[in-house]
Structures are given as structure tokens and as C-alpha cells.
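Letters A, B, C and D mark the chains in the order given here, with residues in each chain numbered from 1 onward.
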Amino acid sequence: MADRDLRIAVVGAGMMGGDHIARLTQRVSGANVAAIVEPDAARADAAAANARGAAVHADIRDALDHDDLDAVLIATPGPFHAPVLLPCLEAGVAIFCEKPLTPDSESSLRVLDAEQRLDRPHIQVGFMRRLDAEHVALRELIASGDLGALLLMHCAHRNPSTPPTYTEAMLITDSVVHEFDTVPWLAGQRIVSVDVRKPRRNSLAPPSLDEPQLVFIELESGAIAIVEINVNVQFGYQVTTEAVMERGVAEIGRTAGLEVWRDARWAGAEHTTFKTRFGAAFDVQIQRWVDAVHRGEIDGASAWDGYLAAAACEAGVAAQRTGQRVEVTAVARPAFYDSRPDPLGR
Amino acid sequence: MADRDLRIAVVGAGMMGGDHIARLTQRVSGANVAAIVEPDAARADAAAANARGAAVHADIRDALDHDDLDAVLIATPGPFHAPVLLPCLEAGVAIFCEKPLTPDSESSLRVLDAEQRLDRPHIQVGFMRRLDAEHVALRELIASGDLGALLLMHCAHRNPSTPPTYTEAMLITDSVVHEFDTVPWLAGQRIVSVDVRKPRRNSLAPPSLDEPQLVFIELESGAIAIVEINVNVQFGYQVTTEAVMERGVAEIGRTAGLEVWRDARWAGAEHTTFKTRFGAAFDVQIQRWVDAVHRGEIDGASAWDGYLAAAACEAGVAAQRTGQRVEVTAVARPAFYDSRPDPLGR
Amino acid sequence: MADRDLRIAVVGAGMMGGDHIARLTQRVSGANVAAIVEPDAARADAAAANARGAAVHADIRDALDHDDLDAVLIATPGPFHAPVLLPCLEAGVAIFCEKPLTPDSESSLRVLDAEQRLDRPHIQVGFMRRLDAEHVALRELIASGDLGALLLMHCAHRNPSTPPTYTEAMLITDSVVHEFDTVPWLAGQRIVSVDVRKPRRNSLAPPSLDEPQLVFIELESGAIAIVEINVNVQFGYQVTTEAVMERGVAEIGRTAGLEVWRDARWAGAEHTTFKTRFGAAFDVQIQRWVDAVHRGEIDGASAWDGYLAAAACEAGVAAQRTGQRVEVTAVARPAFYDSRPDPLGR
Amino acid sequence: MADRDLRIAVVGAGMMGGDHIARLTQRVSGANVAAIVEPDAARADAAAANARGAAVHADIRDALDHDDLDAVLIATPGPFHAPVLLPCLEAGVAIFCEKPLTPDSESSLRVLDAEQRLDRPHIQVGFMRRLDAEHVALRELIASGDLGALLLMHCAHRNPSTPPTYTEAMLITDSVVHEFDTVPWLAGQRIVSVDVRKPRRNSLAPPSLDEPQLVFIELESGAIAIVEINVNVQFGYQVTTEAVMERGVAEIGRTAGLEVWRDARWAGAEHTTFKTRFGAAFDVQIQRWVDAVHRGEIDGASAWDGYLAAAACEAGVAAQRTGQRVEVTAVARPAFYDSRPDPLGR
């Protein structure tokens, strides 16, 4: 691969595509959005405004022909994935494809066939739960065998609402598809069978949807995962998994992160370093500083704030030494530091 | 500012400097590490290995003279900040300075004087808690006045251990300096006075440190923040703030994030969208994919995983329609997809 | 009913019977254990030692004939309930019967027939979850309709272990029998059907038990309760119910009591009065004091402790008035107050 | 002590006295309310209505002279304790005295003097936190030394409101008096000094109270307890203690009970037996059944409920054996079981 930032075409400029464009241009290092492929011209232009220099096309073939691409990120609805995947594989570019790969196994097999004509796998599928720290920790716990064999999983998959185009089959193909990847990935076992049961219907769901539903996933060992798929709950978004093992129960997706019940205690991990507690804040801070410098500004605490803290430290060290209350004094703030309006008027 | 990725010199290649180099090269968009300034040659070389193409210098002036810098990030110990800040200000580059700005107010004022010779503030100080989502949420809650006036803050600042060079004064200048910035920033008020009280000494602290200590920060309104500074607790890392207001109490830094007690209920926010629940996983996923493509690989779910999920979806839709248990069948996995070793042997 | 403490016969002096004898003699007001009915003589005598003055019999008929009973409490295994219930009903005494009433519906109907020859119901069954504060609060929440219709319940019923006599059918008749009472009581609906599914077997369960099992309880409205019955988990005891309603989810049985997820927040109740926070401590305190007075002792804080608190209060009021640190002084402790050994040597 | 239920006089029939009368008559075994001493005739009569057979007096001496008392429970305001304690000690009866013993140390010493004329301590003081399970567990944890020496305690003492008669000194003598007992009891050490600091005043407090206040309690070892006394918070009732030790932190008074942070984990205890999880429900159940039997009723699940559960069990066992869905059938409910109206119409 050339030693340059990746030139990427983003295919589909809807909600997910727009989100990925922002990610690639504003937060990810080593990549640029070189092209946007979107048949809806207005939507394409709006997306291009956020990706300086990106070409705009209505068809992936035009992008592959003209934009010197290293990679393609596919964010269209699932039924449109195969027609984009096949020419991309032919062109030999790297591919990131949002889930599902395709909505049915026959079209997926056609994609696999095409990919196998290349020297190695080129497609990565957007099952992002595999990168979620809690899911990773749960998988490691199960794989360690510390708590014995996995017996059951109770999964809740609750979304506030669905778009108008959402059909009952999509409960499976668009939503439970996540669990169809996550459950065997967590358990280290393949799926043997599936069945579905319908409890009382939620009157708040759209008329065309008979939900919630219970999906039973049977694994090779006999372990069962019960998925509550419930995607018009309106009161919030929640993805939880409670894994019942022989010697303990572990749960993710609650506010406290991974919690484990064993030896008569429920316990959650506490931080051991600022790198985990404040890691995201450090990343955001430097990204925002870099972005502000591009604009000729700062975006965070100023030297004035640093001075005020130094003045307080001086008083603090004196107080520490003397055991007395020490007043904190400061020079008047120069107008020079007034430039950034502070909503709290400090 | 030139329309190019920022050319940044990182000054200091210790633990914090190395962390910032990794951040700038691997995760932050729009910036490159152009130079590393570090007098310890071995440490400088080790750092340079992680920043392809970065020049190495023992003195900031050499970097300013030769490396066409846009910005400087200072990560040396606090006493060495001023000697780097002053030539950088003279050169007019953008500056990110780790906390503290300087360890005392006199040197801070000298820095402010130098900065004011420029057209606008150029220094941003690394009080990263201002970018922590929980701190931001607490500040907004206090500023909203919904829970009445702020009366008290109980702050715990607990670290597992301190380095050998850490002195008792650094309890204030290196650790409580965070609260000296955060407490007034949260409260929207200046600090009026400080005093310190010492309870029983922790026998596990290094012999030179008499800690924990209690630091009392009095604000303009009379509100008091009590800071427990306790930096050799060994069992974990924790930064918490419990803000007592007239009509409620809010707390951050516990595992469940911002929690509020009002109207006889303790409550924490639940997610309302996948963008908050899985936002970090999405960012990590795409960054890891971009990094893998640079290496000619994928780093996540493959098309084979996508096919398996499609096969399960087919069974799921059939099960949903028929009410029966449906077996999930799949073709044999082609050796083509064996290339990535999977620790779980799936 | 005569205006005297109830004269009660406890039938069965095993673990549950012994627990009830302790309850009736040591904590419950208005009742005495007048007789113990237990065919195992050694066990009967051991139980009688804890119930001063109680007669001992091997057969309930002897107790009914000779002990002037007001009531009978039945704590034998379920299959022995009917032979005790029938003569008690004939005698017209009040009856408390541990769950289950009987293990099958035919024998239960015989008991109902006998009871209906009396003027009013005389039997109360020990479904004690109906008296658990969390279950009561959940029932009220469901009945209020505030969160819309009930759609699903996820119930976990986890016990550390089972006795040697426990059979696989007892998973249903001895354990899930609780949910067979609680689920319809919580939902305000009858049970329509039941089915059972078996996931992977827990290798730590006794060889004769194929568990855990999943029991599906279908209610009149179509709502489904899924019960995980898992009674050899060894690591703890847990009974939880998560009720999924149209506009929110409520859960009981976790450490934080009843928690509700609605409007994007998880919230739990906080106390509003010492009567709930310390109600149990007040009851225990007075019961222990009464018991100690019977022994000629005290069992709690002494007048000396009261004096020490008064001395601290004096210092506290002075400190409050003066803003100064005030030493707390006390006279030497008279040997008179040494009599109660204190494990902490205070 | 005579082998009969204790004959107790309750002195003071206000809120606390009324609460104790209900406890002694309705929940505590082995005691009766033989007399009520209350100068306010209307209040005395109201209280007597809840204690069948209790004599009513305006002066403790009349009760001591005429009511054959074994014990006295004192629930008047603190300043009236000494005038009741002294004649009771002279009479040699057992005494339970609500906190404080007396409001100042001089009067407390007079009481100690009088008590020492008896053969052994007769007074127990109502520091009921010593009987609270969480406080007991925290004390044991501290005393065990497992987490090293105690360094700090952070105590919050928050009440919704205070009565009109509450004065600023009572912040100390009526409220912090609890911590003046609990802190040394938890720590196993005496109090050395006290001081008080006042942060910003809560504008919702009554005009005569300058609160919240911070009370510092210094112990023999140098450990410090900081008490936030804050008794007009309106939004709830909370008593918490966070004990900072050398190798861990333990906290009580939050919804999850005793939680401990050590070895990088926060953990709370889970139940290991139904006896702790449902112990209170068992006690309440039997007390309510006994009370109902006195009224000629039942108060809980009936035999009809027992029959319904038996019918479900039968279906459950069949479902377990066959793997099929089994319908639950029941005979029609006889009118005999309609007598207890059920708010849910079940």
C-alpha cells in the first residue's frame, strides 16, 4: 500500500454515510475522503461540503475509474451492498461494508466467490460491537473458562424507534443480525438453530410491526441465547447481554459496564490509571486543539487559566506548610484574554 | 494557517510525551509529529521510532529554527515549561502546554507577558478534565441553576502511586492543580482562599510524603470544595466530585457516570441512541480498519462472518414466519478465510 | 377469637419449621408456640428446647385434641401437607401452610372442598414474595398502567444448591411454583399455558438434575414470562424480575431495589425518612433491648456512651460558636461500665 | 426478671413515642405497654387507644408507683430526659432512653452517678445505627484491619427538613450527636477534638439556621471524620459514610448497601440465602397472619391461590417431560373465595 493517507470513496450519503464522512475527515488519522458516491444529487452535495476536495459520483464505477482509490466504505441500505461490492472486488480495493454484508446467504455467497479471486480477504464488515470494550471484556471472560461453561445468554436489544421503511423481517435482518454475529463471537461457537416467539404486541409500535419478539439462538454446545428484540421502546436505547455460566454471571450494557457476579459478590471494575479514566478526554482535547490551531484559535484552557491555577498552587503550598488559611490573589485579567466569550461569565 | 496537516514538535519524550506522540500519529486527524525535542538521546530515538520522519533535537530552539513548525506540544515536567514556552511564543507558533502552565505565579506572569506581545492567545493548557463528558455535564447542571445554588463539593483525587521524584509540595502543584482549575470552572466562580489539613498518614505512602491531605477551597460565594488528595492508594485510580446544591446532589466519577439525587430518586442517564452507546466503537473500528488497510489486511469481521450472519438471518426470518425452529446451515469455510488466526479457534 | 396470644402448633421441625418457631417465639407479637408436631423425636425435642412450654406430638390429631389450639403452621415437605390440612380444617383452626398448598391439583381440590365446609377461608399459603416490599412496589407500578401494558417478564430464580432429595420435577413444583404464584399476581392475569426448554446442562448440578431450564409462562393477554430456573449456581442466591412494559422497564431483586427505566433514565428510589432507612434497626434495637432486659442486661449503647456523646456535643456547640478547634474531654470511665466486654477494646 | 411479658411505660407520646408504642404492641415479642406518661391529655389518650389496657399518667412517678413496671422507654425531647431518668433509676427499672442521653455533659454525669448506685448498668441509649446491618458490617471491616488503618471518613447526614423548634445548636446536639456516637464506635477510638466550618448557606433552610455545616471530628490516631450536616435538603433522607483506609475504601448508606473498593474493583455483597433476601418478608408475613387470625381473617395467599399454583405445576411438569406447550386449566373459582376484594380483579 502506498505510503500516503488512504484515498477512500464513501458510498451512500445518508445518516450512516454522513457519520462515517465526519469520522474520516475529523477524527481518523491516515485517511481522506476522496469521493462520495450517492445517486441523490442534493444529498451528495451536502455531504461533499463536509469533505473538502472529494469528487461526487452517482455510480461506484465512476469513482473506481477516476479517483485513484485505495479503499471504499459502503454505507447504503443492505439490499444495495452486493452491486457495490462486486465491482469494488473486481477493482481490488480495500472494502469496509456496513452490516449486513448482504440480506441473504445466496447473495453473500456470490460476494465470497468474487472475493476469493483475490489474494486475500479484502472486505471488513461493520459488526462494530466486536470493538466495544465491554463486549471484548465479556468475550475474554467467557473464553478464559474462569466461570465454567456458558449455559445461557439473556440479550436485550432495545431501540427508541424505527424508520418508516422498516419491515417485520428487518427485526431479524437489520437488528438481530447484530446478535447473529455477536452471540457466536462471544461464545466461540456456531449457531445451530433459530426460532422466534411473539409475546403481547407493543401498541406503540408502527401498525406494520408485531413486536417485541423473542429470538432463540441455539449454539453447538446446547447453550441458548434469548434475544428480546424491541425496537420501538421510545424511552431509550439499550443493548445488554447477561451471560450465565456455571460458576458466575456476567453482564454488559448497563451503566456500570461489565459487572460480574461470583463468590456472592457483584463487582465492577474501577479504573487503575488516568489513561482509561480520561483517555477519551485526552484524545478529544488534542483533536480539538489541532482543529482550533487550523482556525488560528485555541479551544480549551488558556495561559490565563494556567496562571490562576499557579496562583492557587502557591497559596496551597503555603497553606500546606503553615496549617493556615491562605488567600489567593491574582492580577487583574488583561483584556487580551477576554476574546473567548465564556458562557458562565468567568 | 497553511492548508496542510499541522507540523508539530513534541517537547519531552517521557511517559506523557510518548502518549501524545502515539495520539498525534495514530488517532488524531490533521496533524503530524515533525520533530521530537528531548535531551536524553536514547529516549528521543525510541520516541522517533514511533513517529516516522520526525526530526530529533536536544533543544527547542533547533526545532523552531529548522523544522518549519506550526505548533509545539510541551510535555516536560512543570519546572521546564517556561524555558520552552518563551522561545515558542517568540517564534509565534501555536502551543499546547501540559499542566501546570508553570509551578508558580511569578513565572506564569512572565509567560502571560510574552504571550500578550502576540495578536491573540497562543497557549492552550492541558486541563483535560474540561473535555471529560461527565465534567461537562456537571458544569452545565450547576450553571443551569435547576438545583439551586452550589453549597459544597466533595472531591476525591486518588491515584495508585507516585513516581520517586514526587515531593510533598507536588501534592498541590502537580495533583490538586487539577482541582484548582476544575472547581472554579465547574462552579463559575473564582477561588478566594485555600487551606490544608492532615489526617492520619498512610503508611503505604513513600516516607517523604505525609498524605493523604485535605485541601479546602473557598469560593467567592462562600461555597467550599473539600479535596481529598490521596495519591498512593495502590488499589485504583479515581477522580470523583459530589456537588451539593440547594435542591439536589450530583456526582461524577463513579462507574455509572453522572448521577443526580433530587425529588427522592437517584437517577443516571441511559442512552437514547447508538451514537453515544457505540460511538467509541465506531471510531475505533474505522481507525483500526484504516490502519489495517495500510498494512494490507483487515482487522475486524470478514465477509465470511457477514455470510454466516446472513445465513442465520435467513433462518430467523423463516422462523419468524412459521413459528418453528429452523436449522442454520452454512457451506464449509474456504481455506481462504483461515488466514487470520482467531484465538478462540472459531 | 379469644383475646389472648394465639396458641399455635408448628407441624414439621426441619429447617423451615425451626425458622418459624424462632420467628414466633422471638420476634412476632401476639402468638405462642403451644405445640410442636414432628414424628422424628430427636428433632422434635431440639425444637421444643427453643419454645418453652410447647407440647410435643408425633401426630397433628393429638395436638388438635389436647392443646387448645387457635392455629396451625404447617412446614413439612409438600407431599405431607394434605394429611395435615384435612384434620385441621375439620377442627376449624386457622392454618398457615408453607408453599406449595399440595403438589398437584387433585389433592389441592380436595383441600378446597374441605375448606368450603367452613364459614370462610381458613388457609393462608406461604407465598411470601407477596409481602416483599420490592414485589409489592413492582405490582403497584404494573397495575397503575403508568408504563403501558405489560409485554414480557424476564425472571431469574437462582439458588446456591439443592438438598439430596430434590428431583427434577421439583424444579417446577418446589421452585418455579413461586413464579406460578408471583407472575400472575404481579400481572393481574391468569396463566394460560406453560412450556419448558433446556439449554446446556450445568456440570455442577447433581447428576440427577438436568438444569438450568427455561420455563415460559403465557398469560391471558399474550404477555410471556421467561423463568430461568437455576438452583445449583453455588455463587449466590438471587431472585430477579425485569418487567418490560410499553413505555418503560422495571426491575427488582438487584442490590439497589426497584429500579425503573423510563424517559431515558434509570432511577431508583432514595429514602425520604429515617423510618424507612432505619426502620429495621429500630425494630431490632427494641427487640434486643426487651430480650436483654429479660436477662437482666442491656444490649446496645450504655449511659456511658450517652455521656461521651454529650461531651462531644458540648465541644461541637462551642466550636460552632467560636469557629475554633475545641478539645473533647471526659472523666475517666468508671469500672461500673466495664462489665460488658467490647471486642474492639474501646 | 419475672417470667412474663415486660410491663413497660412509654414516656412521651409524640412522633417517636407513638412509633415506639406501635413497635412494642404490634411487632416486638415479650413486651407490653403497661403505661403511657404524657402531660398533654389529648395526645396521651390518642396513644392509649393504640395500646389496649395501658394506664395514662402525666408524671413518671405515678407510673412507677402504680403500674408494676419492669421497664421504661423514654421518648421525650432531650432536655426532659434527666428528670425522667433520675426517678426511674431510683426505682431500679430497666431504661431505654432515646438519644441524646442528656444534651450536656454535666447532666449526663449526674445520670451516671445515679446509675452507679445500682448493681449494674440499667440504661440503654437509642443510638440505633449500631443495630443497622450496614453500620455493623462496616465496623467489622474496619476492625478486621484487612484494608489497613483508617485514615478518613466522609459522612453525609442529610434530612428533608427540621421542625419549627429546631435550633442551630441542635444541628450538633440532636443530629451530629449520632456521628459523635457512630464515628468512634466504627473506628474503635475516642474523639480528641471537634471543629466546625460553614460553607454557603442553603437559602431553603429556615431563617434561624445557618446550614449546611461541616463538622470535623479528630480521632486518637489522627484520623479525621468530616460530617456534612445538612438537614433541610427537602429532596430526601440520606446517611452515608465513606471510610478511607490504607488499602481500600468502603461506603455505606447508598442504595446498594455496603460497597468496597479494593484491588481495582467496586463490589457489593449479593445474597447467599433466602433467609437474608426474604427474611423481612417472612417476618412480616407471619406477623400479618397472626394479626389476621386475631380478626378471624387471612391476610395473604389463599388456598385458592395454592390450587392455581398446583394446576400450573402440573402443566409445568408435563411440559418439562414432553417438551410441548401445555395449557393450564382450572375449575371455576367458588364464590367462597370471593370474599377478599382484590384491587386487581384477579
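To be clear about the criterion, a contact is a pair of C-beta atoms (placed from the backbone, for glycine too) under 8 Å apart; a residue touches a chain by one contact, two chains touch by 3 or more.
Fair warning: this is a prediction, and the values are worked out from it, not measured in the lab.
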Farthest-lying chain, centroid of Cα atoms versus that of subunit C: B
Of A-C and A-B, whichever chain pair has more C-beta contact pairs: A-B
Centre-of-Cα separation between subunit C and subunit B, whole angstrom: 49
Subunit A-subunit C separation of Cα centroids, rounded to whole Å: 45
Between subunit B and subunit A, distance of the C-alpha-averaged centres to the nearest whole Å: 19
Residues of subunit C touching at least two other chains: 197, 216, 236, 238, 255, 261, 264-266, 268, 270-272
Subunit C-touching residues of subunit B, taken from the complex the two chains share: 261, 264-272
Subunit B to subunit D touching residues, read off their complex: 148-152, 154, 158, 197-204, 212, 214, 216, 221-224, 226, 228, 230, 233-236, 238, 244, 246-249, 255, 261-264, 266
